[in-house]
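The chains carry the letters A, B, C, D and E, assigned in the order they are written, with residues numbered from 1 in each.
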Amino acid sequence: QSEKGKGAESSGASEAKPKGGTLNVGYPTQPITLDAQTSQNTAVKDITRPIYEPLVTLDKDAKAVPLLADSYQVSEDKLTYSFILRKGVKFHNGKELKAEDAVASLNRWLNRANIAKTNLGGAAASQKDDYTLELKLKTPFLLTPDILADPAQPAVIYPKTSIDEAGSGEIKTFVGTGPFELGEWKQNQYIRLNKFKDYAARSEPASGAGGKREALVDEIYFRFVTDESTRLAGIASGEYDLAFNISFDNVAQVENTPGIKAFPTHGGIINLYYNTVDGLFKDPKARQGLNAALNSEEILKTAFRDKRFYTATSSLVLPQHTDWASDKGKEAYNQNNPEKAKQLLKEAGYDGKELRIFTTRDYADQYNVAVVVQQQLEKIGIKVKLEVYDWATLQTKLTDTKSWDINPLNYAYRPTFLQYGFWGGTSGFPRNDQVQQLFDKIKLASSTKDIRAEVDQVHEFVWSYLPFSIIGQTEQITAISDKVKGFQNVVGPIFWNISVTR
Amino acid sequence: MAGERLLEVQGLSVSFPTEKGMVTAVDGVSFGVDEGETLGIVGESGCGKSVTAEAILRLFDERATRYGGKVLFQGKDLMGLSTGQMEAIRGNEISMVFQDPMSSLNPVHTIGSQIAESVRLHTGCSRKEAGRRAVELLRLTGIPSPEQRVHEHPHELSGGMRQRVMIAMALACQPKLLIADEPTTALDVTIQAQILDLIHSLKSSTGMGVVLITHDLGVVAEVCTRVVVMYLGQVIEEADVHTLFERPLHPYTIGLMRSMPTIDGDRTGKLHVIEGTVPSLHDIPAGCRFAPRCSYADERCQSEMPELERAEQGGHIRCWHHEQIRMQEGESVYAAVH
Amino acid sequence: MPPFIEKPAPLLAVRGLQKHFPVKSGFGWTKGYIRAVNSVSFDIQEGQTYGLVGESGCGKSTTGRTILKLLEPTGGEVLYQGRNIFSLKGAAMREVRRELQMVFQDPYSSMDPKKRIGYTLEEPLLIHGQGGARERTERALELLDKVGFSREHYDRFPHEFSGGQRQRLGLARALALNPKLIVCDEPVSALDVSIQSQVINLLQELQRELKLSYLFVAHDLSVVRHISDHVGVMYLGELVEQAPTEQLFSSPLHPYTKSLLSAVPVPNPRVKRERIILSGDVPSPLHPPSGCVFHTRCPYVLDRCRTERPLKLTVATGHEVQCHLYQ
Amino acid sequence: MGGYIVRRLLSLIPVLAVVAIIIFFLVHLTPGNPAAVMLGNEATAGEVEELRKRLALDRPLYEQFGQWLLGILSGNLGQSYFLHVPVSSAFVEHLAPTLSLALLSQTIAIGLALFLGIWAARRRGTRVDEAVMGFSMLGISIPSFLLGSLAVLLFAVKLKWLPVAGYQPISAGLWNHLKYLLLPSLVLGVIQAAFLTRMTRSSLLDTLSENFIKTAKAKGVRERGIVYGHALRNAFIPILTVIGESFGSLITGAAVIETLFNIPGVGQLVVTSISRRDYAMIQGSVLIITLVYVLVNLAVDLLYGVVDPRIRLNKKSS
Amino acid sequence: MNTVAESALPLRTYRQERRRVLLRKWLDNRLLTTGSGIIALVVAIAFLGPVLVPYTPLEMDAVNRLTGPSWTHLFGTDNFGRDVFSRVVYGTRSSIIISLSVTVIASLIGMLVGLLSAYYALLDHILMRICDGLFAFPSILLAIAIMSTLGPKTSNVVIALSIIFIPSIARIIRSAALVVREKTFIEALHAQGAGPWRIIWLHIAPNTLSPLIIQASFVFAVTILTEAALSFLGAGIPAPQPSLGNILYDGKIVIYSAWWMTVFPGILVILIVLGLNLFGDGLRDLLDPKLTSGRGK
């Protein structure tokens, strides 16, 4: 448990690492784009991370530390962040990184990225000199550096030329400053990253994604292997060094195969969403009733197999992220109280009609939770129909609030709950003013020490208003070969400072 | 002209499985063919002529059909030969013309290639040479513009042409024995004559023996040396052609002779018929098989089956009353026929 | 049109019937036509038999099949009771089909191998909705009996029959509907003489009772002579001679008819007849000879035969011949 | 006949037109849209809407359809949202592995099936027949992924003879190319063969009981010759149909195996395009695949006539 | 010759006799009896399932997830701790129902389409082009579309699957029918005045039966698996209800560790297909008149 919530690292972080060679990664999906700024897609995040770099990044404690920025300062009114760039940082195209590149990139990101728009709405960057730039906010925001360091839809820096070329579309030349450059993208087969020879590393010791970055292998192949059993077979036969997205049920198999290990890293928060707009669950009583029926421990256990792979908590973030975690409202969590449930549901006017859970098999964790929830509810006499769709259909179907009641969703883990995308409004839970007011307070706070009350209130809100029931926090399994040294995960995998022995 | 005994069929019987049990279509048939001889087989439709012919070459599915008796070809019993040995004989030493030329030709191959295949199978000559032979053979059978016809498929030919293709195929390897099952039924008389001449000349030049199954007593009279008359799976009479036409002994044979329409006879009256129908193979009479239709039949005929015995005038006869018939009826039959 | 037609209108009148088969090259392009039937005309009177004889491959079966519109005609018309069959469609055609039946030259392939004989015989009745199940069965048994079978055969399959038996079954099927006219394409060729006489007697009886008409294609000239009222002789797609039976057999005019008659085998081993042997090239219907189609083989060939097509000549009542010798 | 071919080729126009209309509206009317997929599961409705606008997906359907149709008529199938390349080039790129796979597995299937089917038919009712039929029954009922997984486990993981998955183009060397295709082709081939074996056997049995087989026998044709020279060709029409069909379906239907063996083929392309709602890609692929089918089936139909001269497709109905 | 009157009386006894003969023919057919035996067994298992099984197919047991076969769980448990035996028994039922309906519907329509296009040249052009188009449509897309417009119901699964399989059946029937169409006996039927319907259904169709039987049993097997693939898109049997196919697919991910999840349903699929094929072969033999007698082969 100790590693959870921090940058987790596979064995041998401190040993001398061999250099050279190829790292073969069995990765489940192909990224839909390599324009990291435009998508929150996990594959985009993971694969572009070695290519592009943001101004600040997360260290092993998930704290924001400078990366391309040599340093940064915050003005008194907390509205202006000025960044001084490191000198001599080269893009993969050989040009040096200048403030104009950073300004163009930041502005593009501010205009396009969801998290930027919701959190830093109205902000703009401007150039001071060749190596200095300023980010001006409209309102102060405590988490500005964290947002800038967030690897999902990250505020990475492209050369200005790329941005100009892209216009309002996606960038077409994939050039960054990272330790690896794009070698080849073979559609639906692989992406090859080559070591970037002129990479300018920081001098501090490596910590999480921060500090010294070094490309230890010459090339990385991300091989897109949709089929899990193929990824497993590939790592078992030694063709892959890393295999992502291994289901919990195959952990035993992985652990029993000599030469490979299962490596859990934090995956996300799994919530059971209610349709608060239409139908039975418009009534908070009904939501409370259903929530009372849930046995979250059992759901987690059935869906995720082993205590190692989930954390049963009522908190929006893992308990070890103490600044943002809270146990307020935990009485409402994991009640497993059918009597109360029936009582409340009855009061809410539940007449035994079939409830509709929407889910997809494209995400096994969501599906598994849906199946178990259905089973639990059926057991206490609530009729539940499971409707399974493919992901794209589900996305659209959910917007029709007339058609569904419950829907489990998994959101990628964030150390601060502010960054979760769902606050911006989902079809079942529209943007909520009460929460936004709390968030505004948090944003304006000057330090995380000052936000305790608001954090607690957010949790209280969640468990009383119940836009969703938190089921728990889950892990994600990567199978990793013993030949790989130094693999770590800081809100997503990190591919530098990682070596392979042959 | 007649030489060595070529084929000797002894007590051949053939049974087929049907839904209602086994039926014996051919029951103890015996006859022989000498080199250069033409043996005619005549008999009621369905009496087992074709089955006999096909059984000589063992063409029925060996797993389902039951054979009995012996077929000695040049002294070897064909029934005892291996499949490979049989294959070497079929088409080469004994060849056969089937009764039903349409379904007996492979619909997807050109007739030329089917004839050429026969040639190539046993002579091993080149494809081209075989093709030339095929044209030659077709020409021999009187098919117009054979060079073009070889490229046609069976369904593009008339019935008679198909029959001639069958004949050409059978003659391809100059067999020692030709079994021709109604080879000329679909041919007009001029071509029939041409074919019969062809067979005759082959017969005299190579000593080929012929088993000719036909209904046309005119043809029998013209080309056969000896005749076997069959009825319901059995041989009932066997004689040389002159004797048979002049002094038929079996009541059935006599009936046959009388039933013939002639080219110059009276055409206003009804044709003579043999009363009654052939019994089905499922209920074969216990005694003489012809008894139910025979005007001579008595008690004995109903219950006891006559054996095939030597007739005084030569040949064989299967009838309890043949002596009596020879004495009384011979003349009148002959008179009626001619 | 022959002027002598004062007789009642014929049941079936064939006028200038033509049927050409395309000949395909290897690549499927049509490279010519086989002129299987070339402008054939004749009449069949009710209750009479028209015998059609001729060289093998001269187009007799094709004539029969085209008359019944089983082949798409190339030209000409067929008037059945005054109506042109070729222009009939749907129900009208089906009605005509009920009255015109056919016995195929190739009896085995003309029967569905998967159906029992009983069904095959009942089928025409089923098609035209005649009788109940029981009556149909009885009719089938009656037909079987008529052509010399027992009830045992009702449940057999076509392949379990001998050649001659199948031929009789084909005939029985054609009789099932009590048609007006039957095109008999060699209906007795595979029958032994005793059964053949039974069948011929049967045909004649039916003709008398039901005023049946037959188009009777056969090679056995004695049979044709016995059964026909009129006989037509075909050669290479043309009707070279036609006449009342007696007349044709007693005084054949066309050289081809003569040679045909001379070739009939005699059922007497002691008699050897003098045959007229035809020599010369047998022409192909793909490239029929110019002029008279028979000139390549005719013993009496004249110069004009090679170039000029002989016209149809009526030499006596109902006796027509296409030959320059008589022009 | 020439006319027939021309007519068939002309019929492509209405077929493609109808398919184009249906596929377009089917694709656009099924729930889900590419913008949402592109943005990932955490995007807001607003963002999705914005992207839709940028992709011109907010225009009225008929307008989009017209646009697309105009593109097609000028030979442009459109651009894939996700692959960032023209649909046609994406398709062609994915076609190469699929074709290799199809050819290889089809060769295996035909070879195996003809051999086994003929063998079984010749030995009808014997042990051989039963064994072959047992094999074919197994092959028909075993899921392809199961067979594939077993093959991988044995040949790739345990024996390490062949790679687990992946693909190399021919340009990387023939052996490299084949190395990756061997296992999947084998799996596909065996499964196809199972079905084809049954078809071959049964069709052969049907023809072996025909009369002309007896003629061949009487000519002295060896049993082999009878089967290969006489019966097979008569029995070949259904076999040919199945071959044509399976060749066609290999071009789209091998998705399971392509996924399992990670081969970037058309099957995978179509499946992933569908799950992403990559409209242009789906539409383009379906059009091209239709074209391929029509051509394959035309070839099969023409071969019918070659195999069996009695078959006339251009015959007027009687 | 006998007269008909004479033979009319024993007609009934003759018919009885005939029925007996036919019955014996059916019973004597080893393939047919074995096949129906197996099918009967599987059907019995499937439909007596509720009485047989110790658990419901949906009952979960978080503690005993993915345990191998034992006395408490004959076929082991799946990734939700559900009893695989119970799931297989229930799954067999739904799979049989779906596959059978699909096979029957697709065969009938496919046959109709195939026969019509073999018979009518004009229809051939139209129907076969439709089939080409249909065939080119990705089945997944078709399923998603049908499911999202008509709703996720078993009957819609059947519709979607039937549409998917119609073209292949149609083509195979058409090919066989093209050969039969040219046979003389069809011409003979024309001569008798038989209408197209009779010729097509009563004469051409029976002669295309043996490829149909094979194709149909193939469709049956493939449907079981395709249904599972579609159920991933919500177009199959509504989850979490078991079908043989989706049990197999659930087992697919854990194929290397939990063999029992694939092997047992796999065996059932094989058993059903085996039974069906034996039955089909037997039927084919029965309908082949040449097999009982010697002229065959």
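Rule of thumb we're sticking to: a contact is a pair of C-beta atoms (placed from the backbone, for glycine too) under 8 Å apart; a residue touches a chain by one contact, two chains touch by 3 or more.
Remember, it's a predicted structure, so these values are computed and weren't measured experimentally.
Least step count on the touch graph, chain B to chain E: 1. Taking the definition of touch as given, a chain qualifies here only if it contacts chain A and chain B alike; those chains are D, E. Mean C-alpha position of chain B lies 54 Å from that of chain D. The distance from the centre of chain D to the centre of chain E, with each centre set as the mean of the Cα atoms, comes to 22 Å. Chain geometry summary: the mean Cα position of chain C and that of chain D are 52 Å apart. Rounded to a whole number, the gap between the C-alpha centres of chain C and chain E is 49 angstrom. Residues of chain C in contact with at least two other chains: 106, 108-109, 145, 148, 150, 155, 160. Along chain D, residues 30-31, 145, 149, 153, 211, 308, 310, 316 each make contact with two or more other chains. Annotation for chain B: residues 16, 18-19, 100, 102-103, 155, 277 touch two or more other chains. Of all residues in chain E, those touching chain C in their complex are 1-4, 7-8, 11, 14, 18, 21, 183-185, 187-195, 198, 203, 206-207, 287-290, 293, 295-296. Of all residues in chain E, those touching chain D in their complex are 119-122, 124-125, 128-129, 132-133, 135-138, 140-142, 144-145, 148-149, 168, 171-172, 174-176, 178-179, 182, 190, 210-211, 213-215, 217-218, 221-222, 225, 229, 248, 252, 255-256, 262, 266, 269-270, 272-274, 277, 281, 284, 288, 290-291, 295-297. Contacts from chain E toward chain B in the complex involve residues 1-2, 21-22, 25, 182, 184, 292-297. Within the complex formed with chain A, the residues of chain D that make contact are 30-33, 36-45, 47, 54, 82-85, 90, 93-94, 145, 149, 152-153, 156-157, 160, 163-167, 259-262, 264, 268-269, 272, 275-277.
The residues of chain E lying in touch with chain A in their complex are 58-60, 62, 65-66, 79-81, 144, 147-148, 152, 231-234, 238-240, 252-258.
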